[in-house]
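Letters A, B, C and D name the chains as they come in the text, with residue numbers starting at 1 for each one.
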Amino acid sequence: MERAEEETPRIGVFVCHCGINIGGVVNVPKVVEYAKTLPNVVYAEDNLYTCSSEGLSKIKEGIGKYNLNRVVVASCTPRTHEPLFRATCEETGVNKYLFEMANIREHCSWAHMHEPEKATEKAKDIIRIAVAKARLIQPQKEPEIDVTPSALVIGGGVAGMTAALSLAEQGFRVHIIEKEPELGGTLRHLHKLYPTMQDASDALNQIIKAVESNKNIEVSTSTTIKEVKGFIGNFEATVQKVNGEAANLRVGTIIVATGADIFEPIGMYGYKEYGNVITQLQLEQLLKDGQLKKWERVIMIQCVGSREEKGRTYCSRICCMTALKNAVLIKELLPDTDVYILFRDLQTYGGRYEDYHRMAQDRGIKFIKYLQEKPPTVVSAENGKLTVNVYHALLGEQVTISGDLVVLSTPLTQHENAKELSQFLKVPLGSDGFFFEAHVKLRPIDFATDGIFVCGTAHSPKDTAESVSQALGVASRAAIPMAVKRLRTEAITAMVNENLCSGCGTCVKLCPYGAIEKDAKGVARVTEVMCKGCGVCGASCPEKAISMRHFTDEQVTAQALAALGRLTA
Amino acid sequence: MTFEPRIVGFLCNWCSYAGADLAGVSRISYPPNIRIIRLMCSGRLDPVIILETLAGGADGVIVMGCHPGDCHYVEGNLQAERKIRMLKKLIARTGLEPERLRLEWVSASEGGRFAELVKDFTSQLKKLGQSPLAEEKPDTKILAGVLAAKATAADFRLRVLVGKEKGLIEDANVYGEKVPEEELDKTMEEAIDAEYLRNRIYLMTKDEPLSVKELSKRLDLDPKAVLRHIVVMRRRGLVAIDRVEGTTPFYTALKVE
Amino acid sequence: METEPRIVAFLCNWCSYAGADVAGMSRISYPPNVRAMRVMCSGRVDPSFVIRAFETGADGVLVAGCHPGDCHYVSGNLKAEKRMETTRKLLKLLGLGSERLRLEWISTSEGAKFAEVVRDFTESIRKMGPNPLRTEVDAKASANTNTKEVISKALRKTNVQYCLECGKCSSSCPIAKVNEAYSPRRTVERFLLSSEDRALSGTDLWTCLTCFLCTQRCPSDVRYPEFVRACRGIASKEVMEEICAHKGIPLALSRIMINPKIKQERMGWLPEGAEVSRKGDFLYFVGCLPYFDVYFEDFNLEIMKIAQSVVKILNKVGIKPAILNNEKCCGHDLLWTGDLENFEKLARINVAEIKETGATKIVTACPECYRTLKKDYVELLGNMDFEVLHISELLSKLIDEGKIKFETELARKVVYHDSCRLGRHMGVYEPPRKVIASLPGTELVEMKRNRENAICCGVNAWLSCNKYSKEVQIDRLIEAKTTGADLLVTTCPKCQIHWKCVTSEKLPVDASEVTMNMRDLSVLVAEAMNLA
Amino acid sequence: MESEKAVLVIGGGIAGIQASLDLAGRGLKVYLVESSPSIGGRMAQLDKTFPTMDCSMCILAPKMIECFRHPNITLLTYSEVQEVSGKAGNFSVKVLKKPRFIDETRCTGCGECAQHCPIEVYNEFDMKLGIRRAIYVPFPQAVPLKYTIDDEHCIKCRLCQKTCRAEAVDFNQQPQTISLSVQAIIVATGYELFDVQRLSEYGYGRYKNVLVSLEFERLLSASGPTGGHLLRISDGRIPRKIAFFQCVGSRSLKGGVSFCSSACCVYATKEAILVREHVPECEVYIFYNDLKVFGKGFQEFVTRAKDDWGIKYIRALPGEVIEDSKTGNLTLWYEDTIENLTKDMKVDLVVLCPALVPRVASKELASVIGLELDENGFFKSKDPLFAPIDTNVPGVFTCGYCQGPKDIPESVAQASGAAARAAEVIALGASREAH
């Protein structure tokens, strides 16, 4: 029923009084009369409130009566009201992109309420600009794509498995691929989990059992990604087993849950030089194996390889709590052992971790704050002991501790092969090496590329509870396109005129969404479903080969000239 | 009657347009001289459109986008910034005051700032006076300059330089080298100069065939330099010899497909 | 037991000691009971020498100096005369008898007089019988404690282990603000790191005013003063004695009272016509006022007016309070100097005596007694059968009930100072204010730092009275003065004493900036009731 | 079909908004209940967000509008949940819609009424630093953009009624109870500020130039009471020295709450940077205890604040603040615990960063739904490690700050997580029905 684009524009202009918000300043009847004089305007009227149900039916009436194929409403800001008027147009069979709005309230009557005459003139101009555009706009279609209702989860740690379980419970097929021979990720190496002190392997076994028994989940271990093609709803991933066996997976969404590595502090504080300098990870293993010795003193050093001035500048979030937990565990088993924690700032945040800190204080664990510029030193002493010298910042004194064991708290770091994965998926890594989300605040687990998501420590260091929360979050984000099955995507997208394109690749580089690539012919091709319509490519195309739907150069130029009074029939 | 400047504002949908809305909502008054055109992103704005607007007689053009870091489309606003920087250099060569073009960042909560900017720009333009291209009596020389600038902005060379500027500075060129910003600036400057003059020559020779000497006089440029451009333009198929008078060749613009 | 009187004699070098020499040279015999100590001047004899001599079992103390006018140091002997008079009064109050202390003028030539004095004094002491304290040579608590254990218990009990080292304590502490070497936080940190030696052997623990301002503000609920209190018991006593004000007399007096044979004579202050009883439901716990009255006589603070006012007010509203004839020190200062053993003894004695009266309600006009009776006794001995009220609470209640009638317009602008004990320790902020506000013609104004933010008067338990505490005191007085009030009211006699003390010395500011009329709340109320 | 299934989301802050959009986006019906007249929550009050310095309203408003427009979302603002019965997959809910005295179907949000309303009231949205009328929208970008008459302050002069051409004012409006049937419930009630007056040593409420951070946020905001000019509200002077205090009421065993609010170190850093942006010559000090920089990009943000913006961090929690009653300037005392010196500092403005505590109202809500609260008043997780979003009541989930301290991205991620859990409940119900 939509009106064809070849028709001569027949524009109707509806000018709103907005009570007296507009009408009290702008001479609305005069403006209506003016609107009638503009080219292609076949009808104009004023309404008390165009957005009221009465006003909306007047639009519908006008469309029918005057056979309008373009509608201009001169009222308030399109940012709030455009959808309403567009919907009204669509109800009458006018494509919603054939609607244009003139903002004569926020930008005119309210801003110039003490200059009614000038405001009236400005309102005329604003309507002229809108009409200039309305003459040139075309109906647009929002492309639709089908979504394959299955997800690929890359990484079989607690985050990946949690996301997979939730998606499976929501009824979607999930493929987990894990590069190691078994599921579990980092948790496999841990003893107990703070703050509940639950046994890590017990918890892990439960989750693995749930994953393995879920008929919607398919697990491939010792498997890595080789290639990823396609876009949201229609990804095609090539995966390969260690034995070389390859397979193709067609999925609608992809979840990156690849976890993190733990930094090995070679060359720091005597690590690998003295046998009794170990990392928290090694301590976890000793605790797990029940290999504690009757140490007189254990000294833990925080921020080893994190919060550095250059390099790993970030705080690894979990090390303070890990140290507290392991210190408490040592104290439980060896009450006479003195445990020192040499820290910079204690990251005992949130609702529970302060209490945990207090528990450690209760047990007599000793805390010494050191300064980044005066880090502790560890030297070997006689009889196998270690001497730790540290400047106690809060006393302003040098303190010497003789200990049997020094435990270094080292940060989580990104895997070495993450770069490769980021290139396969065309998703970015941040300067800290972790995967970089679409928006730090409001799209924390999405990538800018639709259909790909991130959770767990692949995103940034976090503990189990936080990884689980994020994994569940991702299970929702990824489920949305799969639940709706068909996606409508942005209609305001870029179009490439292949004849003009020289294949210079400027647009490919500029597109923040990876929506443009060079095709076999060497010319730019827009994947419409990935395009968000910002228009940066068009404005920069050296050959002016790219145009933006609904915001063409012609339309914008016409508006600009109309603003200067130049609008000719 | 005092002179009332006509300002065309190109505002991004997400921040600046909303900021202008907020100015209205908050009833902050500002001079009614601005006409706002909404774009999805300030990065959408093609330099050609701006030059067209100026050629059309606008006394001022103001482009507003999200603050750096706020861009709804990651960094379209920074692309706009690069374009405006180039444009100002280009405009400076036409005889039109580059101050007639402004780029500002306005967030959705900065209604006051929006109004302040309009006020400021309006008074700045009042001081500057009416655009020499305003309808009644456009200054033909400047108009010719602006049209040449427009053509320049539409040309491949500058567009590719601006479009790739970020990549060249931040990533690397095809040889894996990062281009220092100053070096790129210099290249840009030279390119603007050259392309602008070539377009001037092209437009002049479109009207009538001209000799190097005449061109040099009209452009106030060393004949040697003019000739160098002519050589390049001949190679690109932009001009050809129309006739030779004595020993003096006259050049004429060719139609470009 | 040996019954021969033991007499300590302090003889001035220039006259009396020479006199004693002459007695010997002249072979004049006198009883062998005297142990003579040479001092350069009788003025050197501090009352504390005398008190400590009695505390350790002397049956008599003889102080001898040059005749008036003969003093080698112009007037040292006259000072001695005054001091000994005060000391005699204290001895009287304690029930030891003022006659046990004798001051004599004995010149170089008066060998015979010396012998005569000794003879006479020995006889009179013999008649009086031995010093009741003689058998109990137990001046100090026996330090039979395990340091580590005390500390670890104290740490836990007072939340010290939760310290986050934020420094809120030090930047609240009135002393730390003027003495940069001192920081409660750093002291705490040393204990936490098991490097407490410095704290135990230094002055840090004794510097704390125990004013509770740090505790009030500490986010980790570290009760530093309580921690300090617990650790003072194991800290160096030598350091304490060095910094103890008034040469430790007040603490010695408290300790002396422990002796069951001590029968004080402390009821002399009772105003004429006062109605008090030995037993009864309602007891007025007077506290150390009679001793302060004597010891700080020079300050002209009319300390006893406090007790007198209380009794008059009580009588006026129809209460006939019981008063303990032999009321012992509540033990506050011993407790806060870490002498838990002697504190416990005093507590037990007092509680027994109170029980004897059958009282179910105790009122006190002293914030320290109030805290000690209401809180520390209970912590030590469990719940009591009596309720403890501060006089301000009682007065406020009486005013509410309309039982108090004010007769006099005071026309005063009054600023109220919260004493640490009544305020932060016990949370009594409003009753005194209510009482003041209800006095006719009285305007109540506040200092900037009031209620829980009030600043200490500068000294606690007679410790560390030094330049820092004086800075604190002067600062507080300036604060009071700048309110524009013409009267500074407190409920704690000690606050008044400390301020009076500081203002009677050389001041770093103009006297007009700090001198203020001061009044105890009870006295002020009595004035308004026309009972003064 | 999923479309017949519905989820109740309680709380219209960013967490509630995100959960609603996720659910609606996948075709489920959502009832979003918000107790105040507009959705947006705390985030709407913020000027910028750390560590990217994004304009808060710029990124939030589109989501708010999307909630309003979304055909699957029913906004129930100015409403409270009164009764919940039933169990997972089948809850009956009663929602009380408080009278706005405005017919929402007629009100166009034009604001003419407020222009004429003679009553001025301190605006809660501006932390009472600014003014609104008795008929009001909390802020210009409010969603829905429908006016509300504040019954407490309205004098019934009816001027609004006379000026409203849309005839939307209805003084006879009554409270209305709405019955809903939902399969799952998401609770996202957010936080409120700890009452810093309880820490009397800082003088909040007594000293004019001691503010809490959210007030200061409004003072920095371009849409705030000073139009984004950094001024002391007390006397209009531009501050030249500002001190931020961390941990005001948090990390406390006494006089506050025991937990760490998690966001303060970083948002104070953000506000400090904004100060330097507004008034470059203004000195800014942040007094902290442990710098909590655990979040993504936080440490780098703080480093930038120190190195590029010259913000000074002092490890100390000040003991007290004393006002000079003549100038209104403040002297604060602190022990620099790194220099080990106790000293004082004179500043023009003190900004307290209070503990962010669960809303008092969440207690009531907990009893309505039967949810357990932890000792700090947060909704208790079924399992803090592996079921953080689940509660003791099956089918009821929590997300955002009401479940435990977290920043915006954590709230957003968790809100999506709650949406996933709710969707699981519905999927389970659907598969049961199928069998």
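Quick note on the criterion: a contact is a pair of C-beta atoms (placed from the backbone, for glycine too) under 8 Å apart; a residue touches a chain by one contact, two chains touch by 3 or more.
Since we're looking at a predicted model, the values are computed, not measured.
Novice: Would you say A-C or C-D is joined by more C-beta pairs in contact?
Specialist: C-D
Novice: Could you please state the distance in Å, as a whole number, between where the Cα atoms of chain C are centred and where those of chain D are centred?
Specialist: Result: the chain centres lie 55 Å from each other.
Novice: Based only on mean CA positions, could you tell me how far chain A sits from chain C in angstrom?
Specialist: 70
Novice: Can you work out the whole-Å distance between the CA centroids of chain A and chain B?
Specialist: 35
Novice: How many Å are there between the centre of chain B and the centre of chain C, using C-alpha atoms for each centre?
Specialist: The computed centroid separation for chain B versus chain C comes out at 89 Å.
Novice: Where in chain A do residues touch two or more of the other chains?
Specialist: 79, 358, 394-395
Novice: Which parts of chain D, given as residue numbers and ranges, touch two or more other chains?
Specialist: Each of 52, 54, 59, 111, 251, 253, 290, 337, 340 in chain D touches at least two other chains.
Novice: Quick one: which residues in chain B touch 2 or more of the other chains?
Specialist: 18, 22, 25
Novice: What are all the touching pairs of chains?
Specialist: A-B, A-C, A-D, B-D, C-D
Novice: For the complex, which residues does chain B have touching chain A?
Specialist: Touching chain A: residues 6, 8, 10, 13, 17-18, 20-25, 27-30, 32, 35-41, 43-49, 52-53, 56-58, 72-76, 79-80, 83, 115, 135, 154-157, 159-160, 162-164, 166-167 of chain B.
Novice: Under the stated contact criterion, what part of chain D meets chain B in this complex?
Specialist: Listed in rising order, the residues of chain D that touch chain B are 47, 52-59, 61-62, 111, 140-141, 221-223, 227-228.
Novice: Which residues, counting only chain B, touch chain D once they are in their complex?
Specialist: Residue list for chain B touching chain D: 14-15, 18, 22, 25-26, 66-67, 69-70, 107-113.
Novice: In the complex formed with chain A, which residues of chain D make contact?
Specialist: Those in contact with chain A are residues 2, 14, 18, 22, 25-27, 49, 51-52, 54, 59-60, 63, 65, 69, 106, 108, 110-112, 145, 163-166, 251, 253, 258-260, 262, 290-300, 303, 337-340, 374, 376, 378, 383-389, 404-406, 408-410, 412-421, 423-424, 427-428, 430-431.
Novice: Where on chain A is chain D touching in the complex?
Specialist: 17-21, 48-49, 51-52, 79-80, 83, 162, 166-167, 169-171, 193, 195-196, 198, 203, 207, 307, 313-315, 317, 345-355, 358, 371, 393-396, 430-432, 434, 437, 439-445, 455, 459-460, 464-466, 468-477, 479-480, 483-484
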